[in-house]
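In what follows, chain A forms one complex with chain B and a second complex with chain C.
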Partner chain A sequence: MGKFLARRLFTGAFVLFVVVTVAFLLAAVVPSDPAEKWVGPHATSEQKAAARIELGLDKPLVVRYVNYLVNLVKGDMGMSIVSHRPVSVELAEAIPNTLELVIWSVALAFLAGLFLGVYSAYKENTALDHFSRFFSISIISTPSFWLALILQIIFSSTLHWLPLTGQMDTVLKLTHPLTEVTGLPLLDSIITGNWTVAGNLALHMVLPVLTLSSFSLALTARMTRSILLEVLNEDYIRAARAYGLKERVVLWRHAIKNVIGTVVTMLALSAGNALVNTFVVEAVFSWPGVGNLIARSVMNLDYPAIIGVTVFAAIAYVLLNLVADIVIALDPRVRLAQGGN
Partner chain B sequence: MNILEIRNLSVKARTILGTASLLSIQVLDLGAGEILGIVGESGSGKSILALTIMGLLPTNVRATSGSVTYRGQDLLRSSARGLSARIRGKEITMIFQDPMAALNPVFTVRQLLEEVIKEHHPDYDSKRVRGAALEMLQLVKLGDPEVTLQKYPHELSGGMRQRVLIAMALSSGAKLLVSDEATRALDVTIQAGILKLLEDLRNKLDLSTVFISSNIALAATVCERIGVLYAGELIESGPAREVIADSRHPYTRSFLASLPVPERKGQPLPIIAGRSPDPLNRPRGCSFAGRCPIVEDRCRAEKPPMLQVSDGHDVLCHKGGTHQ
Partner chain C sequence: MAVSGDLTFQRRAGRALESSRTFVKLLFRNRLTGAAFVVVTLLVVVALLAPVLAPYPDDGRGVVNPSERFQKPSSEHIFGTDDMGRDILSRVIFGTRISLSISLVTIVAAMLIAIPLGVIAGYFGGFIDEILMRITDVFLSFPPLLIAIVVASFLGPSLENAMIAIVIAWWPWYSRVIRAQVMAAKERPYVSAARCIGTSDWKIMFSHILPNTIAPVIIQASMDLGCVILTAASLSFIGLGAQPPQPEWGLIVSSARTYILDAWWYSVFPGLAILVTVLSFNLIGDGLREVLDPRTRVR
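Take a look at the complex of A and B:
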């Protein structure tokens, strides 16, 4: 297992290197002048020239590239052209907010999708099954920004049950300041017993989490259903029943254990998808996360921030793929095939 | 005393093309401690019979009439839940054609065995469950049971897998074993070992067995009595020796004649011309009429009656017993 992990991490590092290189080169060829953005529209040409030197844009591309790589290894991703703050600081503020959205929506997708899929397969061709299949197909083919808008119209504008946008009511930041423990706001508020903030955060989270999880949820439900239908036809399920095991044990232990590996693998990969989806969802819900950051950066061609977010997304993808590989390697049959790695 | 009695059993499947008649058995008995062979070609309803006894028929297949009585209790009448708790898996058990497919690949032998043992002995503590698992592996004569317990099914050989499956099947202390072509996927030598084991277990545990096989010669060496299935119908049943040496149904005779024997080496094997009737569209008269060498007009018009050849030897044929 150690050798296997080391090999995977090495390939992961290589992938990151390629991503950084491509992102940097793309930013360099895009017809835009960062120095102009840096100093603003009313600057004189002297100020622009000074900015060019300050940002290192006067140096040849290769030098800039090597400088960027060296700084990146040190954790310095440069200054945001728009906010004039270090990209690493902006990312550090945004990532926990996005992570919390992604974690909750993946958890929801996994649990709800699994249950829906299992019952759909178990009650094949009943009303529940038909409903679940129709639901899955509709959700999979719904763009998330559209779903977000519809949810906002129903639950905020019409029913007034849930807040329209934002992460929490601004007033609460002053009346109930949040102590930072893990950096994840909802988790922190629960750990520190700050229930007013926790409740408020949770309310704000409902719609973005629903939007974000919908695709993975529907995909999980469909995958679970089709794999489970195959598994339920296997002789070992018939055998488990023949040997008097309870239906609950047959389904949730003998059948599910043969389904779960594939579903978790798929979910790990679709978590990457959810991460990219936050770019749209956060924009709609004004959620102060990575998605909002990239939206702002792209709009302003803020290339240090763009590369920063790209690197973050690439790292996330590499890690999620690693998780998927580990899950697959946990299958006893795969373990044998690898000669005990 | 009979441990299992089947009377007028009819099993039908609902399909989009109509209702298919899969199994029709007028009389079939299994005595306590007996090994009863059920033979027939593919699609003759052997596995449907096994699944009917086990109550494991697919949802679109149902026993529409008749009775399957285990020790005085009609298995078809008991509610599914009650049946599952009291009889299926507890007193009646089953082993399968392909042990690799019947052993869940993601559990170790130990997990598989101990789970069944715990299910049937909820009072056992974990040490006793472990001991019982070892005992079961010794019972099925698996060498080095301690090591085998740690293995996954794919790490075992075919014969070992079938032994593990038998151990699982018998962990409940079952009295009736349904063996659905349990040796079909095995080499001849391994097959002989498993057959020997089944006979030993019969003597040791007073186990009654329904031995399903497509190999009539094999069944004849293992079983006291044999039933022959053709197109879902039990067409002949009786003591193994009699059914082989003095078979009365033309199908049984053709079936036996088509077996390869050393004396006819080099000659083409005789085949039974024609094919089994469509289960969706069974003929009005005898199912075998279309292929029968001694067919008469009434065979095509009327269902044949069950005739007694001698005590315990029955044949489903208009001309049963008369055409020697």
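Take a look at the complex of A and C:
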């Protein structure tokens, strides 16, 4: 196990290194002068020259690259060209907001998807099963940004049940200021008992979370169904039924154990997918997360910020892959097959 | 010699025809797959005949019509009109051309990059193989959409750059598939036989092994068509793909975003077009998978 982990960690570090290098090189060769953006369109050539020195652009590429790597290890990703603030600070503000969306949507996807999948497998080849399968594949084929708009049209602009965009009402930031504990807004508001804000945050989260979870939910349901169908044909299930156990017990206590491992692995990987989807969905809901950050950076060709978000996404991905590998490795059957590797 | 050759040929052709007949029969046993095939055929026809079928062909090409802004769906404009007074149905019809050609061009381009690399890596193994595998490792650690977003944001926003980004995100998957196939095939007797009579490595790779190993890649690629359309639409939606006034579906939905409170039809119909197209491709892909992998066949 230790050896296996070490090898995975090494691969992860290698992937990160390559991503940082490629992102840095791409930013360096793209024909756009960061110094010009830094000082704005009306600057004199002296100001531009000063900005070049301030941003370290006068040094050779290799020196800049090494500097970037050294600073990155210290957690410094340079300055955003647009906002003139450190990229690391902007990321630190955006990540918790995105994370909260991802966590809730993956949790919803897991519970609802598992339930739908089990039910669908149990009622195999009935109308309900067919409907649930068609529903799953339709959801997978739906562009998430469009689903977000449809939900907005239904629940905000027609029924007026839920807010259209944003993370919380701006007024509340003044009347009920949020004390930071973990950095995750909803969790913080619950911990500190700030119920007004918690309620408001939750209302704003419903539509983004529904949108984001739909894809993973459909995937979970499909996967659960197909694995469970295979499991239900196995001898130990027949044995359990022969003992006269209730169908509910057979399903939820005996069969489900052989399904959950694979589903969790897939969810760890699809959490990454949810992360990318936030980039698109956050744009629709004006959610102040990483997705909005990258949208703004791309619009302004703010390369330090683009590299920053890329590095963050790479780290998140490597970690999620690692989690998936560990979950697989924890399965005693896999350990046996690998011969203790 | 000629006669026996013809006989084997006929027998082989007959067998192929028979197996393809069972294949098609199995494929269409699922009625949804059949329906999806019909829809895709219709979409291709719509794309080819767009200027004839669109009620207002000029609107599809981007001519604005300020006096007709935000008309509700009616018999005159079945899908309504947009913020520039253009007929949305015509734009959706012209968008079919863009989406279908994006998916076809990028998938073919990705295969053209992936197949030679995968064949060479699988055939020679060793150092070349090691390098290619480490490169694909990096790519496969991330979902294609993420890679496409990052690459497109470095290249700058345009439809061509979005397509390049998608190709870059996609080729490693096919390289992996073809490499595994080639590695298995190169130990087969027909390869040793070719080598014994002195056939060159290149000829063995590309005229003996390749035709025998390419099928899984083509199948995988056909399953990916829908996913590519979705990725391209997402890129356009966040401003990294097609640019106005191109009638790309994702872009139309994106410009409709500002008006969802007043003009629901503006965003609903182009999105529906994406959904129907991608769903059809995915249903076909699902049908293919079910036929090819008997374990998942409907019991």
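Operating definition for what follows: the second predicted complex is superposed on the first by the 338 of 341 C-alpha atoms of A that agree within 3 Å, B and C clash if a C-alpha of one lies under 4 Å from a C-alpha of the other, contacts with A are read in each partner's own complex, and residues count from 1 in each chain.
In the analysis below, contacts are C-beta pairs under 8 Å (C-beta built on N, C-alpha and C of every residue); 3 or more make two chains touch, one makes a residue touch a chain.
Bear in mind that the values here come from a model prediction, so they are computed numbers and not experimental data.
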Simultaneous placement of chain C and chain B on chain A, clash or fit: fit
Is A:219 touching anything from chain B or chain C once the two structures are fitted on A? First, second, both or neither. neither
First, second, both or neither for A:254, with chain B first and chain C second: first
Of the two partners chain B and chain C, more of chain A gets touched by chain C
In the overlaid three-chain picture, which partner chain does A:145 touch, first (chain B) or second (chain C), both, or neither? second
Quick one: classify A:77 as touching chain B (first), chain C (second), both or neither. neither
Figure out whether A:241 sits in contact with chain B (first) or chain C (second), or with both, or with neither. first
After the two structures are laid over each other on chain A, how near do the C-alpha atoms of chain B and chain C get, in Å? 11
Find the residues of chain A that appear in the contact set with chain B and again in the contact set with chain C. none
For the complex, which residues does chain C have touching chain A? 32, 134, 137-138, 141-143, 145-146, 149-150, 153-157, 226, 230, 233-234, 237-240, 250, 253-254, 256-257, 260-261, 264, 267-268, 271, 274-275, 278-279, 281-283, 286, 295-296, 298-299
Of all residues in chain A, those that touch chain C in their complex: 11, 14-15, 18-19, 23, 26-27, 30, 124-125, 134, 137-138, 140-146, 149-150, 152-153, 157, 164, 226, 229-230, 272-273, 275-277, 279-280, 283-284, 294-295, 297-299, 301, 306, 310, 313-314, 317-318, 321
What does chain B use to touch chain A in their complex? 54, 56, 84-85, 88-90, 93-94, 96-98, 101-108, 115-116, 119-120, 152, 154-155, 165, 168-169, 171-172
Under the touch definition given earlier, write down the residues of chain A that touch chain B in their complex. 234-236, 238-247, 249, 254, 257-258, 331-333, 336
